[in-house]
Amino acid sequence: MIDITRPGKNMLSLNSPVMAASGVLGFGDAYRDIINFEVLGALVTNPVTYEPYSPAGGMRVVHLDAGCVVHTGMPNPGLSKVLAKYRDLWTMLPLPVILHLVGTTPEHVRKSASRVEVEDAVNALELGLNDDITPEEAHQLVRAAVERTEKPVMVRLPLQDAYAIADAVVEAGAATLVVAAPPRGTGRDKFSGQLVTGRVYGPLVLPIALRVVERLAQRINIPLIGAGGIHAPQDARDYIEAGAVAVQVDAVTWIHPKMLEIIARDLSGLVVTREVGALPDEWYPGIGETTSKMKREGPPPE
Amino acid sequence: MIDITRPGKNMLSLNSPVMAASGVLGFGDAYRDIINFEVLGALVTNPVTYEPYSPAGGMRVVHLDAGCVVHTGMPNPGLSKVLAKYRDLWTMLPLPVILHLVGTTPEHVRKSASRVEVEDAVNALELGLNDDITPEEAHQLVRAAVERTEKPVMVRLPLQDAYAIADAVVEAGAATLVVAAPPRGTGRDKFSGQLVTGRVYGPLVLPIALRVVERLAQRINIPLIGAGGIHAPQDARDYIEAGAVAVQVDAVTWIHPKMLEIIARDLSGLVVTREVGALPDEWYPGIGETTSKMKREGPPPE
Amino acid sequence: MKDTLAIIERVRRINPQVQHLELAVDESLAKVKPGQSLLVRVAPFSPTPGEENWHPYLREQWWPVGLNNNKVIVERPTGIRYEPGQVINAMGLLGQPLRFRRTLRNVLLLAYNSTPTALLMTIPWLLGNKVAVTLVLVGSATEYGTQHLPPEVEVLRGSPGKEEKTLIWPNQVLTAGWADQVFVVVAADDERLRFQRVLELFQTLRKDVPKNYLFGVFQPMLACGVGACWCCAVTQKESGHKLICQDGPAFDLMTMDFK
Amino acid sequence: MKDTLAIIERVRRINPQVQHLELAVDESLAKVKPGQSLLVRVAPFSPTPGEENWHPYLREQWWPVGLNNNKVIVERPTGIRYEPGQVINAMGLLGQPLRFRRTLRNVLLLAYNSTPTALLMTIPWLLGNKVAVTLVLVGSATEYGTQHLPPEVEVLRGSPGKEEKTLIWPNQVLTAGWADQVFVVVAADDERLRFQRVLELFQTLRKDVPKNYLFGVFQPMLACGVGACWCCAVTQKESGHKLICQDGPAFDLMTMDFK
């Protein structure tokens, strides 16, 4: 069992350190005939707001070289309808359910958290924060959730502002940091000729997010979940090596749904790094200690 | 002529809005038999420090999916030797020379700026700032340069912190913002099995940096130069449309040196965006007004 | 929905715009009906970082245009090279079959600045059921060669030219009045705007545009294709959000909330 | 340095590890000398975003192993498919020719956990000048098949096995003493560490390792390959920084500052 939240009441422990990021598996109904959900650590739901939201207008998916920009807005029927529609499914699923709540306003977050507190089908909240949020706003939103529920409140940080707001979020009582939401970006849609702003997915997100996880792992003392650009088992292992306790896989699931399962199955193995001065063929994965622990207990490596 | 610095004494105007980023063309000696330098706006030199620096140890270049991580350290023989070695070449070059000075310490920056002030072969400074720099530190480094030279002091912002430090840098007297230096990231080298931290290059940097330029162009009132992930003429045009007056091309030059020239030749054309409500085939590039101006004078588009 | 492997058994050039691939597919995919499609990845799958080619990145939507002894025939643009024997990854079936009226005699298929590919699977089905089919090609669709279509299909071409004029074709009022149902595909550049124009046109061509008459067949860029990512959500006037990849591809244009 | 197009005229499988490509090249590239190489991009060039395949992203360093009537023969790993007639983009020539001693009688070529590819261009040149060549293969290099090399080349193989033991080959002291010059290639995983081990070995094999005797042929991943990016900078004990792509690929291991 892998503890993905800080110790305490309602602490969340998973069978597998691998889950799909919010927005990837829908509300648990999609992909059920393709992916074996039992090998996953948890279901993170699509983003939900207290009130219903309409889809964004214009082009939604822009193809890029080895990646894409996705602009959806936040279409969802609102918390009550989502719970009414999916509660029974979630209860039947063989894994914990983490509800992704978009951090709209403190008032809505408070109401949503109170609602979720009495909802047995939901095991934890994951709070999504707006890009360019200030540490104070982030603190306020996290407090709003933490004050109204005893369930763990995980917080997904925007990549751009992860360093700036991490401490405020931890201080406000976050149970886990998810690092990070996909970076926002602007790409030109070749069909319409328009510039479209949305979230950026692709393998090149990995190095950027991985470094943020590496560095936050040095200074944050609650569990981190690594997310961004994972396309293969080794990518997921890289996050564990960098100090994450678990990972969230995103766009590769759309491309190869089975890859999510392959990554989940793979990550039961150990991950080790080459010792200083050792040649690569004197070292191989599967032997020795995992470094995530060493790293977090030892001095910063650089 | 394109004004790339704010108005004033020694203002820098270029024949072309296209140049290569620091680190891409060396000190002006490489690529001379492959690229026609005359079509470029300026030569931005490789990074220089006041004192000599040795190369970084370990793996330097890590191949990724559609990109790479490059970890060089800052190898250079120091400002005096660089000037001694390249002054004559720079004087002979058919384009202005912008010396990229790494912002090490205020003291070194002050000394370097004083040195460059009396150096006819150098037309402007571009100051490189460390990632994770605070606005106060950035302000101090820019002041250190501005106080000692009347040449324009352009400042290349780190992508991660561009929003946070831009205002401080402008306030300190920067002549131009270059947005942005490649993001830092960590990638696994497949030969050594090691995680390597360095700068990330690849097409997927474009959407991330482009959005930062788009947004900074709304609030900054000195010229912006767009940089990051440009691999084709349309990518460079996207930065102009987003509000940049010029662009810096990076890694594609290593892959296709001629692409730098192709982009430079291409960007003499106009760039327009589709009007709201128009269909794409009622619109085509080369007709109408450029939007960079409209954008910067009108209200924020979203 | 199944994630399967398929084999390209035959490649045929049809006209300057398109080629047909005959695919040996999993039997679940051979049950494809008009309106349904496949989500395909051509690059070989690899679980090792750096080994898979991410160009292109997302899956492509491939449209069947016919069946041949359980082989699915799909229509793809020319200019991409496919090899007989090539193994591809095909997910399907995407979306819902088109809902034809019970008492159907005349169907109008309209392609507006897009190849009619996504509509062609209807043709064998409709002709087999003795329904008359008229295919109207307007805008850049006029360039699409139709020699390979059954001779029973009446083909009408608009005159190519400036955009505003391209929504005109011969006997426009007649064809619109005579049709029991109309299915429309438009260019991917801005489906919403184009479908709005088509709707406006039919509102001038007919006294009233009834429900269950004028359908847009939506083919936006998809991310997941299976109802997970909500990238393809559209708003309907009365029944809230629908997902194109699940509830579509065809929606009654009268019910759409284009804002 | 020139940016040219070349044509793959012939593809020959040589052994399970490598294939040889015969390239029709620009005449400037046909002047290649032992030690020099090409920077190649196989994907077709396109100035339109989204059209070029960035897999792989950076150029590859291709090592000539011989010339055949102005055709350059390069050695590439098996498992990549090249087509006769394929046009590729080749920049060159990279680096400096190896500096052989004037009075050269015996040369030792050593490949340590790497195919000897980067050294093979020396063989026709040395044999032509009546210099005896010994090729030592240690570590995973022992797997490299040498049937295609001229029979005059003496091939010595270490025993494959655990890393510490692989820097051993038959008649080690003799071969090291007898050689006038030694050129070494090592695996790309950690050239610095591996060259250090080779240097230490020779320091035990010979009373003194003279200057201009033991050369490492460096082949790191390159970004620019033309002396612009400084990604390949190395530090020398006396003469400061050198660039592998310009001043290399071979450096006297005695002059290197490995820190």
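Note that the chains are named A, B, C and D in the order they appear, and that numbering of residues resets to 1 at the start of each chain.
Note that in this section a residue touches a chain if its C-beta (ideal position, glycine included) is under 8 Å from a C-beta of that chain, and two chains touch if they have at least 3 such contacts.
This one's a predicted model, so the numbers in the text were calculated from it and none came from an experiment.
Colleague: Using the touch definition from the top, list the chains contacting both subunit A and subunit D.
Modeller: Both subunit A and subunit D are touched by B, C, going by the contact rule given at the top.
Colleague: Could you see whether B-C or A-C has the larger number of C-beta contact pairs?
Modeller: Higher C-beta contact count between the two pairs: A-C.
Colleague: Using mean CA coordinates as chain centres, what's the gap between subunit C and subunit D in Å?
Modeller: 54
Colleague: Measuring from the mean C-alpha position of subunit B to the mean C-alpha position of subunit C, what distance in angstrom results?
Modeller: Inter-chain centre distance comes to 45 Å.
Colleague: Report, in whole Å, the distance between the mean C-alpha point of subunit A and the mean C-alpha point of subunit C.
Modeller: A distance of 35 Å separates the two centres.
Colleague: Averaging over Cα atoms per chain, report the distance between subunit A and subunit B in Å.
Modeller: Chain centroid spacing, subunit A to subunit B, equals 33 Å.
Colleague: By the touch rule stated above, which residues of subunit B touch at least two different other chains?
Modeller: 63-67, 188, 191-193, 202-203, 231, 234, 280
Colleague: Which residues does subunit C have that touch at least 2 chains other than itself?
Modeller: 49, 52, 54-55, 187, 189-190
Colleague: Which word fits the touch map of the chains here: line, ring, star, complete or other?
Modeller: Here the contact pattern is complete, since every chain touches every other one.
Colleague: Considering the complex alone, what residue numbers of subunit C touch subunit A?
Modeller: 1-3, 41, 45-49, 52, 54-59, 89, 91, 187-190, 192, 220-235, 240-241, 259
Colleague: Applying the document's contact rule, which stretches of subunit C touch subunit D when the two form their complex?
Modeller: 53-55
Colleague: Would you tell me which residues of subunit B are touching subunit D in their complex?
Modeller: The contact residues of subunit B facing subunit D are 23-26, 29-31, 33-34, 46, 54-55, 57, 59-68, 70, 72, 75-77, 191-193, 201-203, 231-235, 251, 253-259, 262, 266.
Colleague: What part of subunit B is in contact with subunit A in the complex they form?
Modeller: Touching subunit A: residues 64-67, 69, 132, 160, 163-164, 183-188, 191-195, 197, 200, 202-208, 210-211, 214, 231, 234, 238, 241-242, 273-274, 280, 283, 302 of subunit B.
Colleague: Which bits of subunit A are touching subunit D when the two form their complex?
Modeller: 63-66, 188, 190, 277, 279-282
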